[in-house]
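Order of writing sets the chain letters: A, B, C and D. Residues in each chain are counted from 1.
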Amino acid sequence: MLTEVHVPDDVDAAVRLVSSGARALGGGTSLMPWLNDYASPPTELVSLRRAGLARIDVAGEAVTIGAATTLAQVEQDERLEILNPVVRSIASVPVRNLATVGGNLFARQPHGDLAVALVALDARVTLVGADGSRELPAGDDLPPFIVTRVAFALPAAGTFRYVKAARRRWNSASIVTVAAVVTESDGVVTAARVALGGVGPRVVRAHAVEAALVGGPLTEQAIGVAAEAGRSELAPADDAYASAWYRARVFPVHLRRALLGR
Amino acid sequence: MPRVNPIDSSFFKDERGPGDFTVIGKTVPRSDALGHVTGRTQFFEDRTFPDLAHLKIHRSPHHHALIDSVDTSEALRVPGVLRVLTHEDVPANWYGVLRLIGIGPDDEVVLAEDRVIYRGEPIVAVVADSEAAALEGASKVKVSYTVLPAVLDVEEAMSPDAPVIKKAGTNYFVYEGHHARRIRFGDVEAGFAQADHVFEWRYSSAPIEHAPTETTGCIVEPKPDGRLLIHSNTQAAFFTLDNTALIINRAPTDLQVKGGTVGGGFGGKVDVMVEPLACIAATLTNRPVKFVYTREEEMQVSSPRAAERIYIKDGVMNDGRIVARKIMLYVDAGAYARHSPYGATKAAAHLPGPYTIPNVYADCHCVYTNRTPSSAMRGFGVTIADFAIESQMDRVARALGMDPLQFRLVNAYRDGDMKAHRKEASGTALIEVIQRAAALVGHDLPAEYQAMSSSTPRGAIA
Amino acid sequence: MSVKIVNLKVNGVDKAFMARPETTLLLALREQLGLMGAKRGCAQGACGSCTVLLDGAPVVSCLVPAATVDGGDVATVEGLADGRRLSDVQQAFIDGFATQCGFCTPGMIMSAEALLARNPDPTADEVNEAISGNVCRCTGYAPIVSAILDAAQRRRERAEGADQEATL
Amino acid sequence: MTLLHGRGFASVNYPTGMNLGGDPSQALVHATTMGGFVVSLSSVDLGQGLKTVVAQCAAETLGIPMENVIVDTADTDTGPHCMGTFASRGTHRVGNAVIMAAREAREVMLQVAADELEVDAGDLETDGTGYVAVKGAAAKRIHISDIALAAHFKQGKTISGRGIFLKERSYPVPETGEMDPDSCQAHACTVAEVEVDDETGVVTVLRLYNTYEIGRALNPAMVAQQVEGGAWMGVSHAIFESTEPYYPASREHGPVDFSEYLMPGPGESPEQTSVILERPASNGPFGAKGIGEMTANAPIPAIANAIFDACGVRLATMPFTPESVLRGLDALRDAA
């Protein structure tokens, strides 16, 4: 049962409240459905809406996104064109106007597609707790501190790939999400960072796929080999959208479609 | 501009007549549209009361279990909780909605007594000042169970080894002494013996939710004269009133139902699920009480369209005539009958589909399992049967190497044909809709098929 | 448990009300301010029946704790018509038979208004995306999409007319 | 990747009404002082447009403008009994009851008019614009507001009518299933065109072509709403919906909201082309049959048959998920 809703004007106040047991609330799109219709222990919320965390800074290649920035803000920011297909693949317009970048890091799979992209982009997450701030790579388990921002470097043009296979064109959770940054030189993959959604309880950083891709050409056959190598990294589950079997079965297809565009 | 489909007046010209109407046949604007677009249409929940109380349910987490004890003391201590209701507060706890038309037995309980037979079955209702307090109270009800084996498959439920889950002693509805609603027409075995080919396949479906955008609910308002005014989104005002009066043991004249504006029904608001408890709560608290399903309750606890399993065996001649059809149909009624016995009968009357087949045999079973009770939904009894029948028609046509529309036209029912439930067909038009659909997609039909007509007796020259 | 006074501008008018912690923007509009246009279809943010504009952007008001939007500007379906003159979207929904049960209609219309405010000449697919958070169980969506495209055209024609008037 | 295309057919009929208990609906009509006509019912409009269509039936029968008809419904204190809105019965039952009530009220209205005009009631006709006139002498006429005023304040008559439609109860014969449950049958043939992704099993319903025979299209735009909206639900049933995705093996993972409960969004709506045929039912209001339910039916097998046509996979279990299609494709590939 909700007992209090705090709306602090700065991060320090928010941190103090969270340290004393309150729960941070971004856009509310994960927490509020639960609080609206289900019994809950006495809960205080700390809304980050006014804490000054909703801004996007782009300086050269360096991107910093405040944690309370909404997905809609990301969608509408022309400097973040590479993330446009990512956020538009998430939920719907009236949800994206609430849901935040920080909140997406905590979304349970098969949601959280922006988090998948941020892992591929090697983003760093800044958190603040009572004992100061710290930085963690996106994809790591996040302690229940307040996320203040995520930062990453814009990848070279044409190197970022993203495919979200879902049951519907718009507004559906993921079956398989593939986000990757693949660098090629002279027809050979020189670096690859591949993150997967929908295929495990958390975002999967597909190390085995990356290892299989690097050093060879980006061909259908090579990707097939990489997908086979990546199978062991998947831990898909049955849910209302698709079975574990189906997710694993179509993973190679969507990996190829993400990396080759066909 | 409205989207209007053309009416092809070249069909049934004589029967259509001049059609010289003033407003009939005209695209008259919808009388409710202005209210819809301005937000002024009043749905049942669009009213406020200063002292409104809220009702929430504690439900079974088990498919099948004995209830050993129910402890509501902690729920009553939640601030804002006004009352808890158990089966002892329901004057006529055993009921069946079809008793209004004389169909029994009363097989369902409003609130569980000594057992639960599906996951989500209501056990205790909690009435509170606020929705949050009612949710909190419902979560604090403590029930201890002895879990029993569950039956979740219709054919397993019919087997003699299955645990019997129903008080009446059978896991199926009994139709005047029979284990199924029967259709017996001609001699189906003779038909198979005569046939050039026999085909048999199985079809099935999973349960489907009505998913109206507005969930099932009501607000019951005690009136100054002691009557109860029920603001409801029921699909059937008097059906709800009469069933509610029987359950709460009040004179029907004590109740008034107001509604008529519903945010989607599709058959999901025909069961009488919320009004009786809200009436009891309003009476005991003397306050207006709202009982509205959460979206999860609507999705998982309100009755779905029944899952069905259908076996169709056809005897077919080389020329495409179906001479025998045998159908074994199982409706998964879930834990309680509700409207499912009626749906299985509706299925029986629909068989063998819109085709004239001289030998038909069907058993339509209404089977109980330990899942959410199914009930009415848009076309129930027919929708899934049509999926099975029309898939079968496609498969048989392909097996015979016949054009799928010609195969249907050969067997299409016509005026004067006797249906399997022994009602003479009249006003038929299957042939014409097939002919017109073929034309719509440029699917050529030979002249003799284009010349067929529903009003020309079978075998006669067109 | 604390109760807060919340101030909102609703359809251009300043309003204040008392919000309990569990009072969402949707429940505040409906129960405190008597604006019943926004509907509670799921309280999960997944049906869109409660869509209103918050500071100009469509949001599912069921997921917004009222206390967090103190000082905000809210537009609901009740504020669209100018006296008896309906908005182009409202009129196009009536003319195009884009309503059946009507429960999704207010939220659908607010999503459409937000789209057309941002994009006066949307493609059908842009309309599809804009209303993909608004569930309709009756119509099959096609008449709704048609009505929104029709409304866009009416708005453009009106704007051109206003331009011509201004130059005259 | 290959996108495989296929076409499938289905033809169906559907009963109007389903009577196993005696199936009645009633209507009362009365005139107000200035010539409004109130239709009192207890019937429920689920969004299919019952309030509009019964107003049309009343206006047509009374011979008055739609604007003069007021529909007051779904209050059990003021409206007479209606069995309910289900079984494709609303338009048929309630429409018939309203016509019967309106006929009776019309007779009184014409008699009052006849007394005012000092002519024989049999010589009068309505013109649909609000006047009752002598046949062949249109100038000799009286407006319905004057008729209503005369009835109230001068002649002391109630311009009113009672209507009921009852489909009498049918008891099925237990041994044979002989019964008479319905009032008439509507008909449909649907052609579905689909696309199947041979790598993922995803089915896209591209186009639906429908022909419906519905007796009489009382309001063509509302017919289109039923046909189009129902077909969408059929598509949804066919390829998306279930409360138990792992039925019957497991009761787990039942969807709890509109995120998990999958239905086609606006981006998945197929193109639809439909044609209406009318073979009026002898017992229907102006010949109309009920089509509220059936419009979801034919698309489902048409889609199943189209999927087979496209890729050779026969789906005998609803819904036709990408997984079931892909398992079928895999089996075909394994067998090849």
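As a convention for this text, a residue touches a chain if its C-beta (ideal position, glycine included) is under 8 Å from a C-beta of that chain, and two chains touch if they have at least 3 such contacts.
Please read all numbers here as calculations on a predicted model, not as lab measurements.
Of all chains, the one whose CA centroid is most distant from that of chain A is D. Distance between chain centres (mean CA atoms), chain A to chain C: 29 Å.
Mean C-alpha position of chain A lies 47 Å from that of chain D.
Averaged C-alpha coordinates give centres for chain B and chain C that are 34 Å from one another. Those residues of chain A in touch with two or more other chains are numbered 1-2, 33, 37, 168-171. Within chain B, the positions touching two or more other chains are listed as 2-3, 29-30, 32, 132, 211, 261-266, 294-296. Shown for chain C are the residues that touch two or more other chains, namely 22, 41-44, 46-47, 97, 99, 101-103, 128-129, 132, 135, 137-138, 142-143.
Taken as a graph of touching chains, this assembly is fully connected, with contact between every pair of chains. Of all residues in chain B, those touching chain A in their complex are 132-133, 135-136, 138-140, 294-296. Across the interface of their complex, chain B is touched by residues 1-2, 37-39 of chain A. If you check the complex, the residues on chain B that touch chain C are 1-3, 29-30, 32-43, 45-48, 130-132, 210-215, 261-266, 294-295. Taken together, the chain D residues at the contact with chain C in this complex read 46-49, 221-222, 224-225, 228-233, 257-259, 263-267, 269, 272.
Within the complex, the chain D residues that touch chain B are 7-15, 18, 20-22, 42-47, 49, 51-52, 55-57, 59-60, 63, 66, 71, 73-77, 79, 81-86, 128, 169, 172, 174-182, 184-185, 187-191, 209-213, 215-224, 227-228, 230, 233, 237, 241-245, 247-248, 251, 254-258, 261, 263, 273-282, 286-287, 292-294, 296-298, 300-302, 304-305, 308, 314, 316-319.
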